[in-house]
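Here come two complexes built around chain A, the first alongside chain B, the second alongside chain C.
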Partner chain A sequence: MADEVVTTVIREKILKMIKNEKRLDNRNFNEYRNIEINPGIITSADGSAHVSIGNTSVIAGIKIETGEPFPDTPNAGVMTTNVELIPMASPVFESGPPSPEAVEIARVVDRGIRESKMINMEKLSIVKGEKVWIIYIDLHVIDYDGNLFDTCFIASVVALSTAKFPYKKFNLEESANPSVPVEHFPIESTYVKIGNSIMVDPSLEEETIADARLTIAIDENSDIRAMQKGFSGVFKEDEIYKIIANNREINRSIREIIKGKVEVFR
Partner chain B sequence: MEFLVMLMSSEGAVNIPKLINENGLRIDGRTTEQLRDIKIDVGVLKRATGSAYIEWGENKILAAVYGPREAKPRHIQNMYKAVIQCKYNMAPFSVDERKRPGIDRRSTEISKVIAEAIEGAVIVEQFPRASIDVYIEVLQANAGTRCAGLTAASVALADAGIPMKDLIAACAVGKIDGQIVLDLRKEEDNFGQADLPFAMVPKTEDIVLMQMDGHLNEDEFKKAIDLAKKGCKRVYELEVEALKEHYKADMDNTVTDKVINNGR
Partner chain C sequence: MKSDGNYKTSQRIIVVPGELIAEGKLKIGSGAYSVDNRIYSEYLGIKSVKDNVVSVIPLNGKYNPKVGEMVIGYVENIAQSNWMVNINSIYPAMMLASDVPWRVGSNKLQNYIDIGEAIIAYVSEIDEVKHIRITMKSREFGRKIEDGITMTIPASKVPRVIGKNGSMISMIKDLTGCRIIVGMNGIIWLNGEKDNLAMAVNAVKKIDKNAQISGLTDNIKNMIMEWKNGISGDVDE
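Entry: the complex of A and B
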């Protein structure tokens, strides 16, 4: 994958504005771009969502099949997450096998969902030790303008929360509540560090010139469930603490937005 | 899948369902010469040079155009004209059974015929050594995705400002219950007797894409082409409407306004 390019003019402008705690698009450091959430847009999927943060746009589709459990977890279902950085989304994305970037996003999203116990995996068992539900989360990135981690994460959470088991398709008895057993509501947030400034939800330009990146997944008690540091720059310990403290407030409002959308849809 | 199960009779034989009723209407209530509902949005993606989104019945498809840009790897460059590279791809969640991500033989073939169709309409001689890259992503599929995808791609090319002889309009015709009908939906494709995807440049009536499988006699074939042309003309009107709608605001603005609005 080729690198994104940020012109010197824009780079200098960002650096200059940051000194006054300002960003190129007039946000403050703790502010997300506009988040748009549209659940249920793909009827061929068992659950779906179109989520945009600013111009970054992702479609999540959930497909659910039956299959065998892994031998080491005979009573738990299976969940896999797949991200495709399709060439439609950016001039630097290329088709072919998943790039390391795509694999990283998929794994970080998966970790946040898995570790927060969002889905009760035991409840995905159909016949103990023999037959379980397999949940595929497929993330189709269609427009890349920064912060794919959070866009993909929100899209996954919304799509999962609105997903229903396809009982009929697999000749299984219908259940009174066909919804996928969602028990927690994690939120993942990504920060970048440019110079000594740290800001949430990086735009493409910010992400491209950033020194370091940090993604945190927290549950509804603000407990941390997953983390991922990225890029070659470094964080200081107190910087991490500061991010975590800030993150609580920022995530509260985002959780409300998402929950509201999901409840309306359900 | 569900549909198939439903069709299995007690003897185990598959009953072909009735696709056209006694009033001459199809299972979704259309007449034999009627397209599904089509909605086209222009300029839906920020990063792409041009883009379009189409909803064609239950098909939901995005198309993006990048370029003209340097053709890579360099050995694909043509010193006299631009090369058209097309990638048609289906999302894993776009169909009933999850599709394994990535390129398969079907998508390779469709990408090729669509690229060739586009080359028939784009004035490729203007861009030697360049590549015009067209990406078609099928998000939800219900038969006719190559025609819907090509239609969206054509609008995306116009949105990208690529010079063309004219837009390309596409639609499929087929034969169900012994009758020639326009624009097959999934059940009609599965249980019909023929499917003929078709695309043309309406201004010149050049046919830029044509494929067929099934069984048609000569009369039926002529009727099919005639109907396909009618369908394409209607698709063309919708393409033009969508583009006009999108650029209406631009046309009202002065050049200065445009520069300011596009500037960061």
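Entry: the complex of A and C
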């Protein structure tokens, strides 16, 4: 990500087009690229999804195990998120321990899900204080063309909402509804600021030349649940209010797409 | 042992790495290797037999440089006396300060070509371990790119973008009025007026996506003509 180079002619073209309220791929500032969602593509996982936004593509896998709860939250289950930026996805990704970028994506996705109370963690308890469900969210980036935050987040949300508890595997009594208790439906959107213009769903080129980045997670009532600011540039106060107001409109259509896919699969 | 299970898309046969593609006295082209007189594929790609030569054209992949080919690249790094240029190959190419048409003082390389700037150059030398050297000197195309845009497609699809005897590329140039230079490495430079440029970019993207389809030139021509008619129709209203 830090090593990505954009040719100067492309940079100039982007800056020139932005003045006419246009983007390199003919989108307008409030438009996402084509979103494709395929839930349940890994049959051996407890929940999974393949999500692509434009050419960026991510596979999410959910693994559910039983284990001991943390001592400070004896009645709540455990959830961990992990992102793998493998060299196959982009020449700038290196193999080895997780890079700061991978850790940031994992943390932002985790925070969006946790703070929106998407999963009722109390319902993950099996025997109070002794045994709980532990949910692992593993995100594998297959192809990187910008905006990994939103792609990873949508993949996690879809995979979680189609995940089922593996009762049989752990010799537990089967319940009538084996689905993971999903109570809210958060969506994350990433905006970048280039010059004085703000646009949603940055492509790789836009992300590379951007001055500042803002990720917002909102729930189905349009309440803000989490935020993350990135890069060295700054947002003015009124710019952030404008993003928040815009975000509600943009997310409405995306939420419909995702919900439709999830309901069909269930 | 006969190679069954070939997937046919019109007349082109798609083969996988290690698949037996021919037996007997045939010459081995690129993308193929032989064991005990049997010829196997090296890539996931399309098998082709021409003049007793069997080769496999990969469906996707990085540029495999050859001496003398024209490439378009952009500078990724600058050292004391050389530029490292991304030419869509697995390794970056090196261009020495003496390989440019200007007299360049040491430590001032960025004044001539800075990081991110694109150039048109020729591959001048490749050694056994694939160290690539490119040069902008003493050839007709060696120059710096100052305007227009660049786009990248897999190098294996360059022949489709050019077409037979340049039919595809000259058709796109004629219909859109854009100036286009296709580097053999899959980086393409385009320049033209706003909407025409966008159309040319769309055409190249469509070729990249549908490279295995036959009759692509007519397909692309129809697409551009439809778009052109659409525009003139809008003006009439």
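To be clear about the criterion, the second predicted complex is superposed on the first by the 264 of 266 C-alpha atoms of A that agree within 3 Å, B and C clash if a C-alpha of one lies under 4 Å from a C-alpha of the other, contacts with A are read in each partner's own complex, and residues count from 1 in each chain.
Simple rule for what comes next: a residue touches a chain if its C-beta (ideal position, glycine included) is under 8 Å from a C-beta of that chain, and two chains touch if they have at least 3 such contacts.
Since this is a predicted model, take the numbers as computed values, not measurements.
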{"item": "Partners on chain A (chain B, chain C) - clash or fit", "value": "clash"}
{"item": "Chain B versus chain C as contact partner of A:95, first or second or both or neither", "value": "first"}
{"item": "Which superposed partner A:266 touches (first chain B, second chain C, both, neither)", "value": "neither"}
{"item": "Touching partner for A:87 - first (chain B), second (chain C), both, neither", "value": "first"}
{"item": "Contacts of A:19 with chain B and chain C, given as first, second, both or neither", "value": "neither"}
{"item": "A:143 touches, of chain B and chain C: first, second, both or neither?", "value": "first"}
{"item": "First (chain B), second (chain C), both or neither touched by A:43", "value": "first"}
{"item": "When the two complexes are fitted on chain A, the stretch of chain B hitting chain C, from 2-10, 92-100 or 164-172", "value": "164-172"}
{"item": "Where chain A meets both chain C and chain B, residue numbers", "value": "10"}
{"item": "Residue ranges of chain C touching chain A (in the complex, touch as defined)", "value": "74-76, 86, 114-118, 145-150, 198"}
{"item": "Of all residues in chain B, those that touch chain A in their complex", "value": "1-2, 45-48, 51, 58, 60, 62, 64, 66, 69, 87, 89, 91-96, 98, 101-103, 133, 135, 137, 139-142, 264"}
{"item": "Residues of chain A touching chain B in the complex", "value": "10, 24, 41-45, 48, 55, 57, 59, 61-63, 65, 82, 84, 86-91, 95, 97, 136, 138, 140, 142-145, 168-169"}
{"item": "Sites on chain A touched by chain C in the complex", "value": "5-11, 13, 26"}
